[in-house]
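Before anything else, here is the set of structures, which you'll find just below.
Heads up, the next two complexes both have subunit A, just with different partners, subunit B and then subunit C.
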Partner chain A sequence: MHYELTRFPLVKALLKNRWPQMLVWLVMLAGFLFAILSGFFGTPVGNRNFGIVFVWIAWWAVLILVAVPFFGRGWCSVCPIPLPGEWLQRGAIMNPPGNKPKWYNLRWPNKLRNIWLQNLTFTLVALFSSVILTTPKVTAIVLAAMIFLAIGMSMVFERRTFCRYICPVSGFIGLYAQAAPLELRVKDKQVCLTCKDKPCYNGSPAGYGCPWDVFPGGLTKNTYCGLCMECLRTCPYENIAVNTRPFSDDLAKPSTRMDEAFKAFIMLGAAMIYAGEFLGPWGSLKLAAYSVGSISWFGYLVAFLVFIFGLLPALFLGAVWIGNKLSQATAALKKSFTAFATSLVPLGLMFWVAFSLSFVLTNAAYIFSSLSDPFGWGWNLFGTAAIPWQPILTTILLPLQTLALAGGLLWTASTARKAGSEVKVSPVPVIVFSTAATVAMLGLLL
Partner chain B sequence: MSKKKWIFGVLFVMAGAVIVFAPLPVRATPPTLRTFRIEASQFAYTPAVLAVNPGDTVTIELVSTDVVHGLYLDGYGVSVTADPGQTARLTFIADKSGSFRFRCNVTCGALHPFMIGKLQVGPNTWLWRAIVLTILAALVIPILRPNLPRARAG
Partner chain C sequence: MKYSEPLSRILIISGVLLVLAVPFAAQAIGAQGVIEIHARVAESGGWTPSTIRAKVGVPLHLRMTSDDVMHSFAIGQSDTPAVDVLPGQMTDVTLTFDKPGTYTYYCTRWCGPNHWRMRGTIEVTGGDSASPPPGTPPLYVTLNLDIDAAHPAAVIPVGIPEAQRGAQFADLLTTTVMSLDYYRSHSPAHAFEDLRVDPSLTSLNNSDLWDLIAYLWQSNSTPEGLAEGQRLFAQNCTACHGETGGGNGVFSANIKALAGKTPANFSDPTTMLGAAPALLQGKILRGGMGTGMPSWGPILTDQQTWNIISYLYTFQFNENSAAAGK
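Moving on, here comes the complex of A and B:
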């Protein structure tokens, strides 16, 4: 059941007007730059530093518990990282200036038009996460590197190449945005087919061509639509709509791409590893992950990569193969593999929700103190600097995590059934695989 | 949704409620005094997992081997702080069953927020309930919507 939100004039006006989005963007950009500053110049104690607390606790909580599950790529529509580069690329901050960009404006190479690079960048960040999450200076370096890389890529390549092909966060937001109950779609595809100039893709005096290099008329899933609202501004036929819809609407159409399948494994596996590493009682595992360059860290690196790129996909492939045999399916194993990997999207999302609940509720108290004393310099701006650390809502944590994981499995089973119907393969072995993964996650969290 | 599926759906919800809330037989063990010596160092407790019976009087002797560390016990809300080389004691009655994390509550270094241990009071019944609930969740779709793809004739 789809319901068009842009049918309300106020909603449409707010989304079409550049100012509301720009105001949010500027607040985000200010917060982002402040996080970098506090990382470089503030206290090296992570849980007392604004950069660490606001990026990895506050922002992460909002992103994974609210923004991604309910708004899909909603965060991408207000993310400040591409802004400076985009302003330079366009030679304008607000409306199109009407002349062509002065920079190279190259097309991104065809061979790299996939999310393998995003898989790589996320894996790299994940491998160093113990250091990034806890060391303000390293967080600042990573954030600064992202913004400078985005600027550099905007100078060389057209549109938002960084967001679409490099950003480690964008990759998994895109994957999980398929499950969100919000979408941007065209109202009537026939209108797009007869539209001559395609201003939604090429731009017009009313707005820029799709920064995400997507032709809205061909949109069938949320993965690569950044919800920037440019097409809403440029479409001369008012043919763009923002709709609410049932959860996981896109997942009824299983993916055929191996890069997207591996993104699902990376996210699922990383959530499991993090649950053990950050929330478990194993000090040697934490130290191994933190001691970058040491022998134990190399052991961690190998185990991380083998688990995510070897063990999980191999077990999953085995499950799909059994399903193929049970169904005497004629579909190629690769096709079944990628189709069923789509069913891991809800499971992975709920693994992250369950992990983040624990991580966020036990560390949220730091938000109050770092708000008043962002640099750890002894300030008390809002009178909250002395609020002591204390975990919050830990009594309902286990039931919430259980609900998230059991609900995620139910959701995955339903998605696997749809994928199975597409490729004519029994989903039962994939459901068994997902159940085993969920039980393992329960063991790590509870 | 058909009437049959509604009935199955309601049955599944009821089964889930039974799994979560049904009282389980408790093996009564007379309360005893339990003392644990825990060494705290960046960023681990040794031992990191403690198991006691419900009703036991638990004393934790926390010894820090490097910097100042603390121990805060989730669910019980009690805590203790140990200076390097000093032994600090925390005594409480384990009157709540289940699995509880304990954490360092004195900033002790980079990985401080992740310095975690676990106290097990009685069997971890919530974990077992959660596992059974998960298996039930896995069965819902195959039972409620059994029209899985049929095997094709060779």
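Moving on, here comes the complex of A and C:
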């Protein structure tokens, strides 16, 4: 059930015109800088600091509960991080690209053209999350580091290498964007084949070549399309469409890449660890995660890494191996492994939805106070500074979480069946693995 | 389209400048004439700034916030009520001093093991330029007591002395013994030794005599004083000394780790009955003794100190607070 949204002239005009996107960018950039400023100069008390509250509660809630599940990489299309670097790289914000590159414009090394680095950056952020998520100054440092790194990389490399290969957020958004009911695709591949200049990739006076280093004509999944809309602007044949589609459309064709498979494990495992760490009753675990550099933190680090990169993949591999044996499959174990890992995408997404619901509903009240007093300086801009903290909708929290987890499991089972039929391997062991993980996650959330 | 590029550049640059400049400008304007004080647990620096200057009769505007946990701001030897200083929120207080001097401000919330180190000073100048008259030295100084020396009681009662029972022998006491001076300068054990050799009290056995001493201690307090002593003890002392004075408060383990000694045990008759009120006054006012005991001199008024001391003896004597002072 694909439905082309760009068939509506107004939608197409809004997406094609640079100004709507620019204005959203402007607001996002202001908010981003404000978060950095409040982190450095505002109160060090996390729940009263705009940087913490708006990044880790408000933005995260919108991202994981709305943007990613429904719009895929929609956030990437308005993320302010690449904006300053791209301005430097292109020498312009709105004007058509010149012929001469402004900086080094190097190609990203072939060996790094995967998401292993993103797996690494996400793991690094995850390992320090207790500190990053609660300490405004550290959040500010991380945000500032991201924007400076993006600027630096824009000056050295071509296109958006930071977004594509480094950004810790971009990696999992790309993975879960496959499940989203929104896509950018070409209408007719034949048109692309016969297109001589391929301005969607190379750029033209109408716009820039794909900043995500993707040839739209070859797009089969959402993972690496940043929805920046440049190809919509450059395509001389009006062959680009933004479509709605059924959820998880991309997952019907399972991945063959190990970096993407491990991204799925990282996300699944991190959600489980966080549920235990942030929502569980284990004070010593919280303390260990927070005491960076201490012996207990090293213990946490080892446990974190072993769980995500050892235990989970090993158990999953076991499940896949049993599936292979049951089916007397001829497919290589690696192929089955990566194919079935794709089925963990909906499960991981729903794990994150369930986990995020918990802390977002618990902490959402802080949004009102920090909106009026973003720095904790005693302001009361909108008269909401004194609104006391109170968890909201707690009565429906557990039913919602259970529903999300159950839905995620069913969704994963259905995806595993499709993956199984692709590689001719029984999906039952993988479904059992997913069920066990879901029960464990539910136990952690209860 | 012609103006898109310059317009977008202007928008971005002005947006960035706006975000960077406006908060600080607004804060600078709003903070004029106000001193901002940040409270942190003592291990992270305590009060910042820790010294404030003010002038007699000129309102001092303070804006306080906590950078970690809940604290509370109070001024020693003052009736000004304590105000809570909440994490990430601003609390405004305006103070006006009518006398020059050095005032101590301190935290009244148990914020950490070194809570009592959270102190700062307000130096108030101006007004009557003449130097304030020198105060009377505290009793423990006048008596030249060595407050660091061990003070075990030579004799202790078998049970808990009953003040109410001791009241029946009150007529046997001389006015000298009944005086405030005698009470403050003698330990209960010392009083026992004095009275034991008093010929008019030979008819009393040791138990009767201890009851009489309990009565003597009770008669030097008032119900209001004991109530205030109890309140101040609960507020300032229980975290280390424990609710029942047993030296086993929630921070006692930390004190042991820091100072190598547990806090004083007021329920131990050997040490407590060997301590005169003046000796306890010295310990409270000066603090120290290598135990992590804070100096309460700048915080408590003279009467508050005596009231706490009166309350401390209730860990040894069964006193009837309603009958105190009689």
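The rule is short, and it goes like this: the second predicted complex is superposed on the first by the 444 of 446 C-alpha atoms of A that agree within 3 Å, B and C clash if a C-alpha of one lies under 4 Å from a C-alpha of the other, contacts with A are read in each partner's own complex, and residues count from 1 in each chain.
Rule of thumb we're sticking to: a residue touches a chain if its C-beta (ideal position, glycine included) is under 8 Å from a C-beta of that chain, and two chains touch if they have at least 3 such contacts.
It should be emphasised that the depicted structure is a prediction, and the values quoted were computed from it without experimental measurement.
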item: Which of subunit B and subunit C A:95 touches, first, second, both or neither; value: second
item: Touched partner set for A:45, first subunit B, second subunit C, both or neither; value: both
item: Touching partner for A:37 - first (subunit B), second (subunit C), both, neither; value: second
item: Per-residue contact with subunit A, leading partner among subunit C and subunit B; value: B
item: A:377 touches, of subunit B and subunit C: first, second, both or neither?; value: second
item: Which superposed partner A:252 touches (first subunit B, second subunit C, both, neither); value: neither
item: Which superposed partner A:22 touches (first subunit B, second subunit C, both, neither); value: second
item: Touching both subunit C and subunit B, counted on subunit A across the two superposed complexes; value: 45, 47-48
item: Subunit B residues touching subunit A - in the complex, by the definition given at the top; value: 20, 41, 43-46, 48-49, 72, 74-75, 98-99, 101, 103, 105, 107, 110-118, 124, 126-127, 129-131, 133-138, 140-142, 145, 148-152, 154
item: Interface residues, subunit C side, partner subunit A - complex; value: 4-5, 8-9, 11-12, 15-16, 18-20, 23-24, 26-27, 30, 63, 65-68, 87-90, 92
item: Of subunit A, residues touching subunit C in the complex; value: 18-19, 22, 26, 29-30, 33-34, 37, 41, 43-45, 47-49, 83, 87, 92-95, 373-379, 385
item: Sites on subunit A touched by subunit B in the complex; value: 45-48, 130-131, 134-135, 277-284, 286-287, 290, 326-330, 362-363, 366, 389-391, 394-395, 398-399, 402, 405-407, 409-410, 413-414, 416-417, 420-421, 423-428, 431-432, 434-435, 438-439, 442-443, 446
